[in-house]
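Each of the next two complexes has chain A plus one other chain: chain B in the first, chain C in the second.
And now, the complex of A and B:
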C-alpha cells in the first residue's frame, strides 16, 4: 500500500480529474427529471423521478456509511436507527406544531443524531470486527424497538401520517420534481464534502487506521477521536437522509427503520464499491431501482407466463444472492469495475489511435 | 479511602474468570430470590419458561461458538438453520404424515447437509476473508433462506404437534408443558454429546487445538478444512434441532430465524464467544432474565433486553463471563 502521507504529482493530476468527474456526474444526475418526462410512463411502468428522489435520500445515508466502512474500516449494522431519528424528528415536530418549519425539523434531526451518536460512538467504537458489528446491531435493534414501543411519542406501529411537505421560506416542495432538486443537491454537496475530506489530513488518518490501528497510533493519529468523528459524521448524514425521507413519504412507521434497512444501506455500499465516493451513489441508485424494475418486469414481458414474470416473489431471493455474489466475485463494487472498464477503454482507444497513426506513417513512407 | 501498600496481597486471590463467574452467580441468585419472593408461583413460572427458551438460545449459541472458535467467522445465518429445521419438520410431520422421530431426523439431516454444503461452496473457497466480507455473505445467505422459505411455505405461522401430548402438569404451582421436558432433555443430551465429542474424539480434540492456535494445530496434522466443515455441520445440526423442538411452543414462520439467531448470538457473547460451556450459561441466563423482564415490564420491550445485555457485556467484559482475555483479537 502506498504511503498516504506524501502527495505526488500524479495525485494532483487526479484531483482535477475528480472534480471533472464530479461535475460531469452531477450534471448527468441533475438532468434526469428533464429527460425522464420524455419517456412515457406506460412504456417503462415506473416513475423514474420518484425512484431517483428515493435513491438520492438513500445516497445521503450511504455516503456517510461509506466513509465509515470503506475508509475507516469500521462496520455498522445499526445505521437505520439514525435514519429513523432524522425521520421521526421531522414527523413528530411538524405534526405536533403546525407552525414548525419542516426544514428546521431536518436540521434538528441531524443535531439529535449528532448528540446520540457522539454519546454512543465513543464507547462502542472501542470494539473491533465482529464485536463492533454486533454492538451496532444491538443499538439498531434497541432503536427499532423504541420506535415501535414508545407509542406516546412515535405512535408505534400505526405510524405518523399527514406529514406536511417540505417548505423552505414559503416555497412548497410538494411534487417529486421539486423535491428532486432539493434532495440531489444536498446529496451531491455531502458527496463533495466527503470527497474533499478524504484527500485531507483527516482522510489520510482514516485510511491509515483502516490498514492498521496500531501503526496509525504510532504515527501520531488519535484513532479513537478520528473513529468517533467519522461515526458521528456518518450518523448526521444518515439523519439528514432520514429527515428528507419523512417529507418524501409524508408517512413514517417503524418498519422503515428496521434492521433490514441497515442491511440495505450496507448492500448499497458494497454493491457500489467500498471506499469509493461514487460507489455510494451508484450503489444506492442501483439498489433503489432494482425493486421497481422487478415489479415492472411483468409489463415488459406480457407474453411470458404469469408464474415466471411474477418476480415479486423472487425480490428477496435475488437480493440475498446479489449480496453473496458481489462479495465473492466483485468485492470492490460496480464503481471500481466502471473505473477499470473506463481506463481500459481509454487504453484500448489509445492503442487503436497509435496503430492508425503508425499505419499512416508507413503508408507515407 | 483504603490504600494498599505495594506487595500486600489480598487474602483470597480469585482468578479473573472465577471472579466474573462469582459476580454473575451472585447477581443471578439475587434476581431469582427477588423474583420468587415478590411473585411466588408466577415467579417460578417465569423461571421455568425462561429456562425453556434459554435452552433453545443455548443450543443456537453453541452453534455460533463452535463456528467462531474454529474459523473466526460469525455466522449470521445461524438462526435461519433453526427456521429451516422447524419448517421441514412441519412439512414432514404435519403435511406428509411421517412419524415425529423420523421426520425429526430427516429434517435435521437436510439442514445439516445445507449447512455443510454452504461451508464447502462459499466459506471454504474464501480462505481468509475479512470481517465485512463474512458478515455480508452470511447476512446474504440468511436473506436468501428467509426469502426461499417465504416463497415455499408462505407467511403463515405454522404449528407443529408437540412430541408427547399437550396436557401441562403442575410443579409447585407452576405449570409445565411436556414439550419443555423434551427441550431440557434434548439440550442436556446435546451438551453431553458435545462434551464427549470435544474431549474424547480425535477430531474434536483437533478442533479444540485449532481453536487455540490454528497454525500449530495444522503443523501437527489437524486439517483446517476439515475443522471448518465439521464446525459448520455441528452448528447446522444444533440450530436445526433447536428450531424443531421449540416449534410446538413458539410456532414457526419464515421470519423466526432473525430473532432466534440474534438472541443466540447475544447468549454466546454473554457467556464468552468461542467457549461452549459459556454459550450454555449465557443462553440459560438470557432466557430467564428476558422472561422475568417481560413479566414485569411491558412485554414489547422484551427483545430490547437481549440487546441491552449484549451491549453492556460487550463494553464491560467483551470476552464474556467465562471467556478468557486472550481469546479476543
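And now, the complex of A and C:
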C-alpha cells in the first residue's frame, strides 16, 4: 500500500507527456457544455454547466493556493479574503458606476489583492507551521469582519445585488454557457502558467525551500523573497476567481467569503492532490459537484432520505471529514491516484499486447 | 585591514558565539588562504558546526567579524554569501525531498542563473536557453561524481554515500571559490572515504579553497595543508598535520590528560 502511494518519479524528463496530458485534459473540460446539453436537467436534477462554471471559478482561486501549500509548503487559512477582494471590487465598482466595465473590475480586484498580499505577506511568511496558519486565519477573519461591518462600502450582510453580467468589448457573457468559455480558458491558462513555473528555476526554488529552508538558502535561494512571490501570486489568482464569482452570481454578500470558504479551498487542494499540477482543478471540480450530487441523491434513489436536499447546511462537516480522510489515507490526493492508475493501465495494456503477439508467434510456428 | 591581502580568502576575526552563558565559539581568529585545504578538528561539542553556521550566515555571531574576499559577510543572508562564492555542506544530509538527483544539482545553480517569474511562466526563449544550459552544466557535475545514471531518480532514493556526494555536487554547482564541508566522510565506508579523498584533491586542483570539518583523522591528516584544533569553542592548536598530531594539548583534548605520549 505504501509503495503504491510513494512511487513517484520526478517531473523532469516527462515534459512531453505533461503537455500532452494538459492538452487532453483541457479538451475534455472545454467539451463539457457541448455534451452536457444532451442530458436534460430535470432527469439528473443538476445543471452540469452551471456547476462547471462555478468549479472553474474555484479552480482559478485554488491553482495558486496549490503552489503555495503543495509546492512551497506554506499554509494559508485566509484566502477567502482575496476571493472577497476580487468579488467586491467587481460588485462595488460596477454597481456604483454604470459605465464601469466588469472585466476591468476583475483586474482592479487582482491589483488590490496584489498590493494587500505584498504588504501582509512579507511579515506573515516569516512564521512557520501552526503560527503561519494562525496568522492567515486572522487575516481571513479581519477580511470577513470588514466585508460585514463596512456597510458604507460593502452594504454589510444585505450584500450587493444587481451586479451586471460580464461584458468584454461589447460581448455580453450573460448565460452560463457563454460564461463557461470565459472562466475555463482563464483557469486553464493560469494552470499552464503555474505548470511552467513549477518546472523552472522558480519552481525548483519553491520545492527546495519546502524541503529545507536552510539548505535552500545555502544553495542560493532567497527564501523569504520566493515565499512572498508565491503568496502574492496565489492571492492574485484567488482574486481573479473572486471577480469571476461576482459576475457569475450577480450578487455578493459576506457569507461567500467566510472562514469556511478558506477551508473549502484547502479541502479542494488536499482532495485534488497537494503538489500536483492537476490537483487544484480536479479538487475544485469534485468539491463543487459533491454538494449538488448529494442534494440530487433523493431524486435518483427514492429510498434516500428527502432531507439530503437541504444538504447545503452541513457542507462544513463534509469538508472536515474529507480533509481528515484524505490526509490519512490519500495524502497525495486524487490526481496522484489517477496518475498511478493511468500508468498502470498503460503497463497492463502493454502486457496484454505482448501476450497477444507472443500467442500469434506461437501459432505461426 | 589586512583582510584585503591578495591571497587571504577567508578571515575569521575574533568571532564569538554565545548561547545564553555558554560560549560555543570563543574569540576564534584564523585565515584561510586561496587554494589551500584547511582542516578543522576537535572533539564533539567543540563548536565546529556553530563556527560554520556563523561563517555562512546561518547564525549571527555574538561578536567578531568574518571577511570573505575582503568583504565583511556578517549580517548577510546565506544566499548572498553563496552568490559571493562561499558554499557549505551539512553534517546531516539535506537532500531536497521529492526532487530528482539532477534537480537537486540544478537548485545549486540558482545563484548563477537569472530566469524570473514571468520568463519561466511564459516559457520565454531566454528562459529555455538558460534552462538548457543549467541542465547541461548540472549533468556535467553529476558525471564528475559518477551519478549521471541516477539523474532522474529521486535524490532521497540514493544510498547514503551517494547522497553525501550529491550534496557536494549541489554545492559545486554554484561555482564556489570556497567550500566549507561539515564532516563529508561521516557514515562513509572505507572505500567511499578513499574515493571522497580523491575527489577533494580534484576539487582543490580545480582551484577551490576548502575548509573541512572532519572526525576521520585519516582524511584530515591526508588532505589538509594546515589543521586548526578547536576545543570548548577555543583554538587550542594550529599547524601542519604532523605538528598538530604531536601537540600535547591536542592529545589531551581528545584522550583526556594523564596519557603521556600517546601517538599513533
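Here, the second predicted complex is superposed on the first by the 335 of 365 C-alpha atoms of A that agree within 3 Å, B and C clash if a C-alpha of one lies under 4 Å from a C-alpha of the other, contacts with A are read in each partner's own complex, and residues count from 1 in each chain.
One rule holds for everything that comes next: a contact is a pair of C-beta atoms (placed from the backbone, for glycine too) under 8 Å apart; a residue touches a chain by one contact, two chains touch by 3 or more.
From a predicted model like this one, the values you see are computed outputs, not experimental measurements.
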Answer with first, second, both or neither: which of chain B and chain C does A:322 touch in the superposed model?
-> first
With the two structures laid over each other on chain A, which partner does A:219 touch: chain B (first), chain C (second), both, or neither?
-> second
Report for A:204: first if it touches chain B alone, second if chain C alone, otherwise both or neither.
-> second
Scan A:270 for contacts with chain B and chain C and give back first, second, both or neither.
-> first
Identify the partner contact of A:161: answer first if only chain B is touched, second if only chain C is, both if each is, neither if none is.
-> neither
Of the two partners chain B and chain C, more of chain A gets touched by chain B
In the superposed arrangement, which partner chain does A:149 touch: chain B (first), chain C (second), both, or neither?
-> first
Spell out the part of chain A that touches chain C in their complex, as residue ranges.
-> 8-13, 193-194, 196-197, 200-205, 207-208, 210-212, 214-223, 229, 233, 275
Please name which positions on chain A make contact with chain B in the complex.
-> 69, 75, 77, 123-124, 126-131, 133-135, 137-139, 141-142, 145-146, 148-149, 259, 263, 266-267, 270, 274, 313-317, 319-324, 327-328, 331
Which residues, counting only chain C, touch chain A once they are in their complex?
-> 56, 58, 77-80, 82-83, 87-88, 90, 94-100, 102-103, 106-113, 115-117, 120-123, 127, 130-131, 134, 152-154, 170-171, 174
Which of the residues in chain B come into contact with chain A in the complex?
-> 68, 74, 122, 125-126, 131-133, 135-137, 139-148, 150-151, 258, 262, 265-266, 269, 298, 300-301, 303-304, 307-308, 310-311, 314-315, 318, 328-329
